[in-house]
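Okay, here's the structure, questions in a sec.
Order as written gives the chain letters A, B and C; numbering starts at 1 within each chain.
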Amino acid sequence: MSTMSARAGDVTAGRARRRASSTELSRWDKVLRAVSAIAGIVPTGLLVFIAVIMVVAALPSILFNGFSFFTGSVFNFGNLYATTTVTHNGVTALPHAAYGVWPLIVGTLATSLIALVLAVPISVGGALMLSEVIPRRIADPLSVFLELLAGIPSVVFGLWGVAVFGPFIAAHVYPALSAIGHVIPFFKAPVGVGQGLLTASLVLTVMIIPIVASTTLVLLKRVPILAKEGALALGMTRYETARVVTIPYIRTGIVAASLLGWARALGETIAVLLIIGDIYSVPGNIFGNSSTIAAWIASTLDGALQDFTGMGVHALAELGLLLLAISLLTNLAGRLVVRRVAGGVLPVGRGV
Amino acid sequence: MRTGLMGGIAALGTLAVVACGSSSSPTSSSSSGGSTPTPAAVQTGNPTSAVTLSESGSTLLLPFLQELVAPLTAQYSNITLAPSGGGSGKGISDAIAGNSLLGGSDAYLSPGQFSQNPTLANIPIAISAQGVWFNLPGVTSLKLTGDVIAKIYEGSITKWNDPAIAALNSGVTLPATTIMPLVRQGSSGDTFLFTSFLSATNSAWANGPGPGTSVTWPHVATEGSASSNPGMVAACKPGCIAYIGVSATSAAQTAGLSEAMLQNKAGNYVTPTPSTIGAAVTAGAASIPSNLALSLIYQDGAQSYPIVNFEYVVVNTTQSSTDNALAIRTFLTWAMDPNGGSQSQYLSKDNFVALQGSVPASVLSAINAKIASIT
Amino acid sequence: MSRRRRSHVRAAIFWGLCGVALFLIIAPALDIIISILANALPVLKPSLLTETTQGTQLGLQNAIVGTIVLSICVLIVAGTIGVLAGLYLAEFAPPRVASTARFFSEVLAGVPSIVVGYVGYTALVVGLHWHYSLLAGVLALSALILPYIVKTTELAFSSVPRALREGAIALGLSRGRMIRKVLIPPALPGIVSGLVLALAISTGETAPLLFTANFSDKLPSGLFNPVGYLTYVTYTDIQLPGKATQAVAYAAAGVTMLFVLLLILVGRRITARSRRLVARMDV
């Protein structure tokens, strides 16, 4: 009893020392809140900073090139060894300078779309297999494996693509594939030696599958088991259960997962640069060499710095701004879809 | 304090050898040996504190610089050379921006770059060349002209057995393989040399893509690309044609590629050898402009090889520290010295040719004067 | 065919296709890991750790040390800001501010890495005259992984059971003391595993570092000097022919891959352990 009163005395004595309660904030709490508030603003500040820098850096190019930037097909710094410059709309560039990035827009969208169209069905199908059919003993380690894959660095994919996958598929699969060329001219030969648009798209597919698949697996675990068992009790096969119950349940989640994969495909630089052949043109066939916005910026920045008028660097900034705009717009559009149907929280995943 | 004193003395025009630097390392500023007259003396020596000469740029120059790292530090213990690649364009832009102390480049600076950066200089340290290689199983020797090569890269000649190629090579059976022209990605001095050659021999090319470290390559369906000289070797699969700097010659030979014989201005077909390279230099480098930017492409001379160039080090003549300036002057002078960096054991591995002995004394003086202006 | 038989046939076709899909997921992945390791393991000699990438040496010492230094610095910069920001979003921010800040953070996650690199080059390397530097590289990488740390930290804090908070309030603890004593212990595994995963992401990046940190053949020598890192070695050496350089490219890729896989496994282990802990709390 004496200990209890002693403790009670402690409490009142402590209270007398006037510590703040959880509803008010002591001085330290105010400091903590201020400091963490500053930290909380940082992501927004960074985003604004990035956007502002890109716009300011791109402005001279926007003025110089106008709308032909998006429709033209020639990316020429001009005569680097010229002694005169040309001026247009108040900004100077080298003679014969022309900046049209249509081939890059085509390359970027084509590779990312092909990758997305291939990756989503494969990921969903494989994830369904893992969660519905394969016994837990094997499925659990495999799902861990899938998460590990999402972490493999881009440059490793590039290395594999250029050294192993590209040559293999060009020798064994493409010749057969080019038979489709009789029906669809875009698939005709020559098939090349392993670089090119299709190979880059396929490697991108392999890169984004782990993200989409492991996110889908997480979603599949959340499907209420009662609904699935009810379907089975009604006599539906597992396939019909999947089609009628499971997939509709995770539909918006798959959209969200696809968004993550799409973002990664759009922004992928290094792997694409190593595989796609870095040639500035819309390829004549699906096996041909091409380039994407991200890969072109990375490979051409040094060249742009040779342009003493600076227009080369500004043109690359406009290109980066274009990629940023495409990424952000598709990101926002996808979010709208997700939010419209279910107040969905996007699961954590990798960007690029 | 001694370094400050040394840095303050301008040694232009004097022929006296000035001893400076720490007592442990020998110093010399004028070339020794040979019958060439002593050019203008340059302040050189071992700096009192360690200096790292960061270098980036030309992959044609890189193997030569890599060989010089150890002997340079052996001679001047406080100077360490740190070369890397990235292409001539990167070298120039890094030197301009100050990201590297030295920029390696096969291409001299453009007039615009000179006027925008008045303190920038390009200083030749060696002479190199470029070959045109091809991969055609069964064919080991081929004669080509710049005009025909330009047409290949323009896409008007697409097969190896094209009449234009056959006309130059009577007696050689050419297969009907599709030609795969290789280009260099990014900004490359090799591209500058190659396109300068094409511009000199094909008027459509001169008026179209023209010469440059990066150009708009005409669209050819089978075009491929690589990002360095060794990369060109690796990417050259059967059917390909590629422009490869001479420092990658042994790699190209090991990979089974064959070198083409190019037609020079006099009409003869030559490959890059020390004598054909020397002939081009003799014809082209009788004098040199004060900014040292000189093209040696497609020169006169019965034996001249058509794609020859100075290997330039791009450097800022105004350095922030006197130690850096001293290290740079020392390195450049030593690199050109036939007893220093320009010994045949270092040059021959990369098929380079030494400056001394190839260019007249007036050119050497101009180069030394430029080196002396680095402070 | 009866309806039942038809539905069974359709089911068989469907699961057959799904099986093919699973194969298409597993097979290339296995091929990547096996082919990289197969080419890398023969080259993993002790000399990799003692020699650098300079000149004709074939070591990875500068790249390995550089990658570790970059990771530690990124952990300090992005980790501090990210954890504090996550704390703010979970504990201090009014709901409207929180949802806006959260939204922008997720949008930041969608910025392509090459754009981050370009901004770093324009603003830091050129604009502030830092030239190619370790610090510029660290800031670029931090910008890239910040959103992930913010999200995982916020998730960790908001996953702490309400009952614990209410108990703290009932006991009269101050906000700061509540955070320190009551929220952080259960949230810590989630925070740490989030940090570890973000670190794994940053280790595998190349594009943002190309134009900010460039590369160096020597050991890291200061915040304002360039630094070497493993992914650059793989990126450049794979384009150079010759058995020796190709071997170095594979070795660098193998080391990077093993490092990343190790980090991910560690992160998962921490998460699994914490899940068991929270389950045992029974609140």
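Here is the rule we go by: a residue touches a chain if its C-beta (ideal position, glycine included) is under 8 Å from a C-beta of that chain, and two chains touch if they have at least 3 such contacts.
Treat the numbers as computed from the prediction; the structure is a model and nothing was measured.
In summary, the chains found to touch both chain B and chain C are A. Seen from the C-alpha centroid of chain C, the farthest chain centroid is that of B.
Looking at which two chains touch through the most C-beta pairs, you get A-C. A separation of 41 Å divides the Cα centre of chain A from that of chain B. Chain geometry summary: the mean Cα position of chain A and that of chain C are 15 Å apart. In chain C, the positions touching at least two other chains are 239. With touch defined as above, residues shared between interfaces to two or more other chains in chain B number as follows: 97, 227. The touching residues of chain A, when paired with chain B in their complex, are 74-77, 79-83, 85, 94, 96, 190, 192-193, 195, 277-281, 284-285, 288-289, 299-300, 302-306, 308-309.
Per the touch definition, chain C reaches chain B in the complex via residues 54-56, 125-126, 129, 131-132, 214-218, 226, 236, 239-242, 245. Taken together, the chain C residues at the contact with chain A in this complex read 7-8, 10-11, 14-15, 17-22, 24-26, 28-29, 31-33, 35-36, 80-82, 84-85, 87-89, 91-93, 100-101, 104-116, 118-119, 121-123, 143-144, 146-148, 150-152, 155, 168-169, 172-179, 197, 200-201, 203-207, 210-211, 231, 234-235, 238-239, 246, 249-250, 253, 256-257, 260-261, 263-265, 268. Within the complex formed with chain C, the chain B residues making contact are 52, 54, 56, 66, 69-70, 82-85, 97-99, 226-228, 230-231, 233-234, 251, 255.
Residue ranges on chain A touching chain C, taken from their complex, read 15, 19-26, 28-29, 32-33, 35-44, 46-47, 49-50, 53-54, 57, 121-126, 128-130, 133-134, 142, 144-149, 151-160, 162-165, 206, 209-210, 213, 237-240, 242-243, 263, 266-267, 269-270, 274, 294, 297-298, 301, 316-317, 320, 323-324, 327-328, 331-332, 346, 348, 350-352.
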